[in-house]
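Both complexes below contain subunit A, partnered by subunit B and then by subunit C.
Right, the complex of A and B next:
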């Protein structure tokens, strides 16, 4: 009970709800990893079977278990979101840090580059790159990380600049410490916590974009995922029949819940880091 | 930033405005160049070269001699890379994007038919999203202590998490299949007759999908921007002078709070244009997005590249239009101070 209260004090009600949702999705994903090989894309029932014993959510047009697709999809989505978020946060921290403390020409070049990247629509780039370079899991992660870094890099650069003007850093700088060492030794406790919301938001966007890509038929055909299930919904016109209840509703709700859980955690962490924001939100 | 030539001694404000515009133009030129380079490089980055694009050896063997010649001409096989690039640029600027492999017509012709529909869909969505997001954001900031404000905040966060394609499907299930109020597919009536009523009816659900998934970010940004201004010193000073609250909001808070929102609206343009690919697919709307999807399914790479290029140009042009209006709103940008 005290643990719950402490968590509540740390994250607030929305953050706690988010954490609960995410924990549930992680639990489902772990269960999915324990399922035997081929779960969700082996033919187990009759095509278009409605929900019944052994098939909690029925089967799709090829007789594949929709419940298994849902469970395995949780693992696919979460691991992709996690990997993209790690890669993007690292790129954003390095680029944002360089733009914050590097020489002026470097900073100017990076910022203009970011401005240009921000005009190009992310999703369109992602679709084009995936269409040409392939749909394997690793390739999708790499493309997403290369497309998603500019916004977080800009956020982190602003954070570096704010930290840079703090008194103790100015003192240390006056003593002649090298810039990178200063940033890591004296600035990281100010900037480090900001990596959490950056990480969470990137994971959110990666999961949504990847689902969209799979929905457009550019997903990895060998792994079940929520977006791919919805691709078959679309190409079979499922929402014109009553099958949409067990076929279209669960994967979409799963995407929404996962992204919502991450969003709530992100907001909670941001408020925790920036009490002024919380005051503005509640007072 | 591109440094312009030393300007003729004119009015100071006018000169800086010119430099601001020149800088932005250079930026858009860079965006277009990158889009063109990506379009050029991606097919060549394929392991196995561009001919791999045309599928299996059997599919390749089925191509007619004319099509082979066209492909070879378009991709400039055998030439050095930089010459291929110049050939490519020359083709693009003479509006020759090759032949669509699935439709067996010039890509440009196919795109020309689809573009007006996408402009209609995305344009309508931008206007409604901007109005809705900003209005609700202002309400959310002013009513933050009350139920209405927190309800809006929760709603915005939930809508922000919905995948566009899934929301579109749910709207079809609810309004077209269950309630039979609105049409499911396409852009015009069943007999292909274009009437304003039919076009508007077919626009309702796609625009709703784009707006509902797009307004959340704008709402959150407007809300926090206005909240920041409301706690700023000039506004507190106005409070102390006894200016009525309504007047404070209208005269002292709204304008400075809404200026940065302008930038977010420009980012929404890209989001909505990309969203058109998804939404047009769900609603079988005959625009560029649907065309992109069909091109992906048919592995029709020339058409895919053309659609990508036109969508990007559309986003850049819309951004430039929105950008050109910014100095009219913000006197600091006219004076060259806002970077």
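Right, the complex of A and C next:
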């Protein structure tokens, strides 16, 4: 109970709900990884078969198990979200940190660079880059990581600057402490927790963008993923038949739930860890 | 939208549309809705949807064989046209020849260009010379067989280098006449603007906006018939699903895309929607890059082809709405008589053949041929749902025999850039395998088929697989130069047999020709083999 209470203290009720949803999705994804190779690819039923024994969600236009595609898709979406979030957080921490403690010219250059990146519409940039560079999993991860870092980098730079002006750091600096030591010894305590909401929110956006790309048919339409399933829903005119219930709704709901779970966690963690929000809430 | 095609025979296609009464190949329009629905034989305005921009709609600038050529043929006329199975005179009053070598073509009088200037024999002479000088782009018309062209009054005489019984169908029906007074100043044909889209045809191009589409207006002075529709609006809607949604709502009155098999039933049940059906000659292929190892070996290509069950593709991907591909490429109903060749599918044979080539399975089950794992990339057009699905099934089928396939889906422009850069086969190609297809006109004359496999770039402008084989080249020569139809038919049979043996590409299937339209707005759509429903006969009361 103590652990739960501690978690509740950290996340609050919404955050806990988010964590529960995410845990469930991760569980499904893990189950998906345990399925034999070819799950979701094999033709096991008749095309357009409705749900029945052995086919909980029916079959798609090639007679492939839609439930398996949903499960395998969970793995694709979550691993993409996770990888993009790791990469983005690292980039944002390095760039944001450098902009925060680096010399003025470096800070200015980085910040103006970020400003330019922020003007560009992320989704459109992603679609264009994927069209030119290809839709392989690794390439999509790389593109998303390179597109999504500017906002978190800005947030982290602000955090670094705030931390830098704390009294005890100023004192330490006056006594001649080197910057890197200050950052590791004192700054990390203040900035580290901020990486959690950055991570969670990036994962959320990555999953959503990737599903969008696949839905538009610009991803890899031959690999099972939630967005891909929705793409075929659209191409096959499923919305015009009763099959939307078992074909379109599950992946749509899965995307919504996953993003909702991540959003709840992100908001909860941020509220408790972001110094600005914390002070605003307690005053 | 599928693959560009030689403009060649597209014109021919036009032809025939003609009323169900004439011509063995024309099929009546089938009205599938409930009886008593309002239908319309004429209309003030009809909106049709196409999938991509077709540039300025001159014979040199349209971007696709279908529906690009079909639109150009509403604006331009050729000397003759194909109707049903036969040839009908159009700008020429008749076609006279005694030896299939010298063709005498008296021209119709009283024909004017859209700008009011009269159409004369001068324009015909100019057009032939112009095509000769501008044999560029994928839609180039090859007028090299014409040795000499001359005019006496209103009669044009064309003398060929060698007798060619298919000349009217293959060339005359395909060659849009150009107005000399407008085109003699054009040096870069690819840049010809809408001001050059002036023909003698039943419709005038009145507006063009690359982002919105075209407006074609009936030519009241049309000499060969009376347009039944006053205004044809052409809108560009790239996505298949959006096009058919627009058709359902009545925003669009005819879609130039084939109805997806899974939507056919629901269209047939919807009141006010009609379906026009006919034999579709457009083909879907699996192209091998025969210039790249190991696809340079016929044994390898044949073994892969044996692993692919084309019947299953038709049954599963097309829900039965199609015909399995003939190993010899030719559609059974094509005017070039198809040879009934046995299907290639034989997965056990494929395994034996691969074993015989020394390609033993490696640790992961993938065979290793000459030290390299048999793992290849298959390109597919991301906008084509049937090809995507077919590619997935092909991947599974090849995996069964120990060959790995990685599918790469690309938008069609990027794919073209790899398979057919600049629509010029002389520029080479960069792919292993690709989903491909040719539009219907390739199926209409034996000369066209030769273009798919002839190794010479001028004779084989559609040889996107880079195929080179002496035996095939020899047959192609006979096919295109034999003086009689009998000899050509015989050569066509030989060529099909060679194609089935050599498998430069595997013919997967021909989709059924099924197009949907709003019959409450206009129901005059008529089928013409090779041109489907978008043709002169659908929109004009032709008086030939």
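We adopt the following convention: the second predicted complex is superposed on the first by the 266 of 283 C-alpha atoms of A that agree within 3 Å, B and C clash if a C-alpha of one lies under 4 Å from a C-alpha of the other, contacts with A are read in each partner's own complex, and residues count from 1 in each chain.
Here is the rule we use: a contact is a pair of C-beta atoms (placed from the backbone, for glycine too) under 8 Å apart; a residue touches a chain by one contact, two chains touch by 3 or more.
As the structure is a prediction and not an experimental result, all values here were calculated from the model.
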Superpose on subunit A as described above, then tell me if subunit B and subunit C fit or clash. clash
Examine A:63 and indicate which partner it touches, taking first as subunit B and second as subunit C; both and neither are also allowed. second
Kindly classify A:260 by the partners it touches after superposition: subunit B alone (first), subunit C alone (second), both, or neither? first
Quick check on the superposed pair: does A:178 touch subunit B, subunit C, both, or neither? Answer first, second, both or neither. neither
Once the shared chain is lined up, is A:103 touching subunit B (first), subunit C (second), both, or neither of them? neither
Just subunit B (first), just subunit C (second), both, or neither: which does A:112 touch? first
Looking at the overlay, does A:27 come into contact with subunit B only (first), subunit C only (second), both, or neither? neither
Output check: A:220 vs subunit B and subunit C. Expected answer is one of first, second, both, neither. What do you get? second
For A:240, decide between first (touching subunit B), second (touching subunit C), both and neither. both
On subunit A, which partner's contacts cover more residues, subunit B's or subunit C's? B
If you stack the two complexes on chain A, which partner ends up touching A:52: first (subunit B), second (subunit C), both, or neither? neither
Share the list of subunit A residues that count as touching for subunit B in one structure and for subunit C in the other. 131, 217-218, 234, 240
Seen from subunit B, its contact residues with subunit A in the complex are 1, 27-28, 30-31, 34-35, 38-39, 42-43, 45-46, 144-145, 153, 157-158, 160-166, 169-170, 172-173, 177, 184, 224, 227-228, 231, 267, 270-271, 273-275, 277-278, 281-282, 292-293, 296-297, 301, 304-305, 308, 311-312, 315-316, 319
Sites on subunit C touched by subunit A in the complex: 240-241, 244, 260, 262-263, 266, 316-317, 319, 382-383, 385, 388-389, 391-393, 395-396, 407-409, 411, 414
In the complex with subunit C, residue positions of subunit A that touch it: 41, 43, 47-48, 61-63, 131, 134-135, 217-218, 220-222, 232, 234-237, 240-241
Sort out for me which residues of subunit A touch subunit B in the complex. 108, 112, 115-116, 118-125, 127-129, 131-133, 204, 208, 211-212, 215-218, 230, 233-234, 239-240, 244, 248, 251-252, 255-256, 259-260, 263-264, 267, 277, 280-283
